[in-house]
Amino acid sequence: MDDEKVLTRHLGAPGLTTVGGYEKVGGYQGLRKAIQMGPEAIVAEVKASGLRGRGGAAFPTGTKWGFLPKDVFPRYLCVNADESEPGCFKDRVLMEEFPHQLLEGVLIAAYALQVTHAFIYIRGEYRFQRELLERAAKEAYRAGYAGKGVLGTKWDCELIVHGGAGAYICGEETALLNSLEGRRGQPRLKPPFPAVKGLYGQPTVVNNVETLSNLPYIVTEGGARYAALGTEASPGTRLFCVSGHVERPGTFEVPMGKTTFRDLLELAGGVWRGRQFKAMQPGGGSMQVLGPQHLDVPLDFKAVAEAGSSLGAGALVVMDDSTCLVDVASRLVDFYRHESCGKCVPCREGTYFESELMHRLEAGIASRAELAELSDICANMEGRCFCPLGDTATWFVMSALRMFPEEFESHCGAGRCPVRAGSEVAA
Amino acid sequence: MFREMVGGLRITLREMMTKPITIQYPEEQRPVPPRHRGRHILHRYDNGLEKCIGCELCAGACPVGCIYVQAAENDPQHPVSPGERYAVRYEINLMRCIYCGYCAEACPTEAITLGPRLDLADYKRERLVATKDDLLEAWPGFHPMAQGVAEGRGAPAPQTSPLGAGSSHQGPAGSAPGLRPPIPGSRGSGGGAAPI
Amino acid sequence: MADASTVAELVNISVDGRPVEVPPGTLVWDACEKAGIFVPVYCAHKKLEPVAVCRMCLVEVEGLPKLQPACATRVAPGMVVRTQTEQVRKFRDGNLEFLLLNHPLDCPVCDRGGECDLQDFTQRYGPGRARSSITEKVHFDKAVKLSDKIMLDQERCILCWRCVRYYEEITGEREIVLQERGVHTVVDSFERQPLQSQFQGNLPEICPVGALTHRQYRFRARPWDLRRTASVCSHCSYGCNIFVDAREEQIARYASNDNPEVDDSWLCDQGRYGFPELNRPERVINPEARVGGLRQAVSYQDAVARAAGALLRVRGDHGGTSVGVLGSPRMTNEEAFVLQWLAREVIATPHVDHRYEPLEGISPEQFRLGIAELEGCDAVVVIGDRPERLSPVLTLRLYKVANKLGRQILRVPETFSAAQVVKQLPAAGRIGIVAAQADRAAAMGLRAKAGSAGREAAVLTITEAVNSRGCQDLGLLPNVGPGYRSLEHSGLFGRQLLEAAVAGQIKALLVVGDGADFEAEGLFHEALAKVDVAVVVTAWQGVASRAATVLLPGRTIAEKAGTVTNTEGRVQRVRTAVEPKFTFPSDLRILGDLAAGLGSDLGVQALAAPVFELLAAAVPAYRGCQAGLRAHWEPGS
Amino acid sequence: MVEADHTDALNPATLARIRQMRDLYPSPRSAVLPALWAIQDELAYLPAWSLEVVATELGLLAGDVEAVSSFYSMYFNHQPGRHQIQVCRNVSCGLRGSDELLRHLENWLGVEDGGTTTDGAFTLEGTVECLGACGGAPMMQVDRFSYENLNPERAEEVLTKIRNSEPRDLD
């Protein structure tokens, strides 16, 4: 496809992980321009670009920045690089391939918000990527893009790469702040929101890696041009990670709104081994399942919401006709049980309850009454938990149960998984 | 009239020949129906540990307030009952008890049941307050450690007999555990025991 | 005062259709309570910041799609709250099912059984029965001895975080923390090191279930065995409000009875676990008298007559000043007042005291500052560690002042330079000075210095025993009369009195109360052996009871009714929590009967209420204060 | 209670790193996670005494540090193997055969999920978060490196190479 790229426009250029290599393709020009523009103009440009958060909640970035109370300092910027959504690996690509593009974006945002400390919270499992970013940050310091008196101005900016240690929940922004403060990564009560009382009780903005990686382009090329890449409702381009039963899994940058799931599937080489498409999960492990009838839905926030799911963190997990959805659901629920922080009752006990029932169901020893129990438990969790983790732990199960009821029912009392048993016979 | 007299006498004579339905109580005793609610019994598990955990639910359920329980903590080396808690004092005022069986209903471990004993009379009121020693099933020569009983958490292994040692339900009243008050009779005194 | 402007500031909301008016910023839960609607809750606690983790209090708020936690949501004008809808009911049921999923079936052996929020709410809102096929529970450690005072059962824990927050927010000691995560989360101490805090006893009380329990109360009783009496802790002079729970006339436990002005709902371990002292069996249970050199049991009337006769004889032979009267700081106000009257007016001796060491130069000004008023101070100076050693709960109040209210706490040694201290204080504002009574002179000196440096300073003096303050206010001292009235002739202080007795100048002693202040002193022993007449009214066997020529059984503070005055001058009621093993009259009646035997009449019945009226007439500061108010001393009085 | 001083038990470089992290953040407490990483890098796990060291260095209580260290799944409180194998079993990997991979490795290494091989070379973990390599599913991460598009044979090959690259004197 020959659409214009934003995040991956420099793909293939040599030495992108070094300051020199990045400067050769026009790197850090955005930061220089941003400093000339001044904070207010940057915020206006970001607002004009229509950029929305890429972490999952899709909140307009410019508006989020606008929530910071005026004249309260110090303020902090935190970069959410705790990418741990199942099926999602775009931030990893951005950090591995374009670390300086991210740092430039961070510095632009830091300048726009007039913060003096920018923290990049990177998940513990990304040890290699953390060291890579630390190296890149050191280079940026040396080149005068960070540290005391950035590019000869009076503005100081510390870049601190902070490694997590294995907790999915730290992707939730207040949990991330707690983790960054050296506490248990458990979400905080809102209000107060981080924009008012965040890190160390000061106004704080938390942005996703992909969100900030867009900033160099937006600043150099202008917000309007960025917005025009997508549609009015879903401006710009976006990285989508396609994985699961496809021929060529990978990350693809596509314009939003103008692309459909089918296009994306084709980019990834279609369903593997010549099998039939059965279901897909857009937006990563948290989101509701969609079926073949949704393949022509465009990658647009509203359209996907109307189809009953969400674009979430920009991942697409494709399942072919040999897939047992009960197995997939059980796998996801186990994940949530493992990652529940234990703070609130419905999530802590609910995910345990859910996963025990899913195990019984998957093993074919559950009764139909237990299936009803399962949806009842999910109903008692959804919207009742302290943070969205508990909600998302129910979404896949609920939607799969709605869309493929006969598959769940066929497991009840079957003694084993009928889907996989069937596919074994067929093979 | 003579005929009537003879008829009456005949009945009398006939009954003189049959076996009387009365018995020589207390030397002789009738079997008690299995579900009779007589004096209470505190049961043991097969390994000799007491079933009673001193929870006082019997006392709470008792409509007349005739049960007194004082619990204590088990010494893990020498447990009296399985788990953390046992009854160090367990007393029932048999004069006040109405033998309703609510205590047995309330008991979570089936430690207390109402037994077959029905001869509940005495010359001294004090002696009608049954103590734990009176109520507890006998367990001759029981030493938990000698039996290799280790402290276990929570409930012990399932019991084969849901009503505990069945003997107390089958035999005559005399075989019920614990102290048997002296039978009031020609021997008089009524008090072999030391004064309280 | 509710003028028009403050009324206008109130927020109107509706709870289940009932309109309720509350100040802005009120939590929905409190508004519901005000509307008379109870919302179940585990994690929220009046004294702790909201965390909204138990989700039990979720309610419907009109206009919001999700259920909201009542414990953490603040009211907004026109808010419509519903707590009884089908949605709420179903969720409560479901949430309790979640909680019970991994909760052990321990109720019969759990100390909390019968007073457990999990039991209660399950009864009220929960599922009638288990429906789940999941019977395997997640197991944790049980019966963990967290210290010599506290037992932890991790399986029973519902993770409301109250204990963790208590340690974080109230004491700052952080001895119990959350460990692990998800369904494996537990509360525990680091490496299970024993807890060191002196406020551990509050943990079982804030625990909504049986996860943290008192080792002292372990398996002692069921709640339905207990009779609860509201009273005052007798450990120190702080006057913490408590409930005394008794089983068969033995104290089974103390529980806190929140008084925000005094204890703020927290008790110290010394106070909470100190009651076995009052359960001791070494009691005086019969009136006894020495008849012909031999002590023997006599009737009550006989004993009183013998006591009165002996005292009369000594007074007749040697004059009233040859009689010494000793009370105790553990007497009630009523007893103290009658005792000093008995000494001064009936026996006509100035030698009356309630303590061993002399106490001079006291005035109400040394007690001007109230405990809760510490929160209104801009800085607090604490002199030495004696105040907090005497009244440990003071530490929690000071922590609140420093930590929650962000005020300066300045701890200075007993010997300090007032000028130096004043330099470290804020430039203006109110200064609180806390000192033990032994350091009252230094405290008053600092107050004067701070006053002349433009600060408004007030002193809170911490006295020693439960009613030291009352005994001082009511003149159970040789140098001041009731209400700190100055006297024409001062008597001898406790120790001097005993010395005089040993020297043969004092011929008779009347000792009333537990005598604990004197029992340890060798001088007391000598004096009792020396005097001709020793009339002793005491609850405990000891030096005094053995040496008595006439002995009358007294009552412990748990067996008495009356009032005591705490160190800040708050007059609070003690009530009879347990009955003594005997049926003889109360200490107050004994004093009245003794006065009658000596030919005087108290004028009223020897009962707490009428005697309080009597003492309030003599000490106007006490008028109307018997229900928990601070006595109001005029400045400079 | 007198606490033993364990600061000597740590490499001075580790201690210096902890102090450097402490001064980097606006609040010393923020350095808890990096400090624990520094210790785990040296000792391979976090013995209880090391938590006390962190607490002392950062002005906290040992309990505060344990609360944090036990929350995160990547800190060990017991000695793991010299290499840590993490097999991702989340959705994308699960769809492409990670269960078979894990089962194979369990057999091949002779350990259960979570166990350490008898020679102490490998700790096998199959309960991990999505490791963010769904594009190369199924995958495993050994120490800090990802190995993607695996099948049982390739996984064996990778692990054999790692085992053989260890110093011989360990055998």
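Letters are used for the chains, namely A, B, C and D, taken in the order the chains are written, and counting of residues starts over at 1 for each.
Heads up, the rule we're going with is that contacts are C-beta pairs under 8 Å (C-beta built on N, C-alpha and C of every residue); 3 or more make two chains touch, one makes a residue touch a chain.
Owing to the predicted nature of the structure, the values given are computational and were not obtained by experimental measurement.
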item: Starting at subunit B, fewest touch steps before arriving at subunit D; value: 2
item: Chain nearest the overall C-alpha centroid of the shown protein atoms; value: C
item: Between subunit D and subunit C, distance of the C-alpha-averaged centres to the nearest whole Å; value: 52
item: Inter-chain centre distance, subunit B versus subunit C - centres from mean C-alpha coordinates, in Å; value: 47
item: Computed distance of Cα centres, subunit C from subunit A, in Å; value: 56
item: Length of the line joining the C-alpha centres of subunit A and subunit B, rounded to whole Å; value: 71
item: Residue numbers of subunit A (touch at least two other chains); value: 167, 184, 338-339, 341
item: Per-residue overlap in subunit D, given as positions that touch at least 2 other chains; value: 67, 71
item: Multi-chain contact sites of subunit B, meaning residues that touch two or more partners; value: none
item: Touching pairs - complete list by chain label; value: A-C, A-D, B-C, C-D
item: Subunit C to subunit B touching residues, read off their complex; value: 104-105, 107-109, 113-114, 142-143, 218-220, 222, 224-225
item: Contact set on subunit B toward subunit C in their complex; value: 53-57, 59-60, 71-73, 83-85, 108-109, 153-154
item: Subunit C - residues contacting subunit A, complex; value: 50-56, 58, 65-67, 72, 90-91, 94-95, 97-99, 101-102, 131-134, 136, 138, 158-159, 178, 180-185
item: Contact set on subunit A toward subunit C in their complex; value: 167, 184, 189, 337-346, 348-353, 356-357, 360, 366-367, 369-370, 373, 376-377, 379-380, 383-386
item: Sites on subunit D touched by subunit C in the complex; value: 1, 48, 51, 61-64, 66-67, 70-71
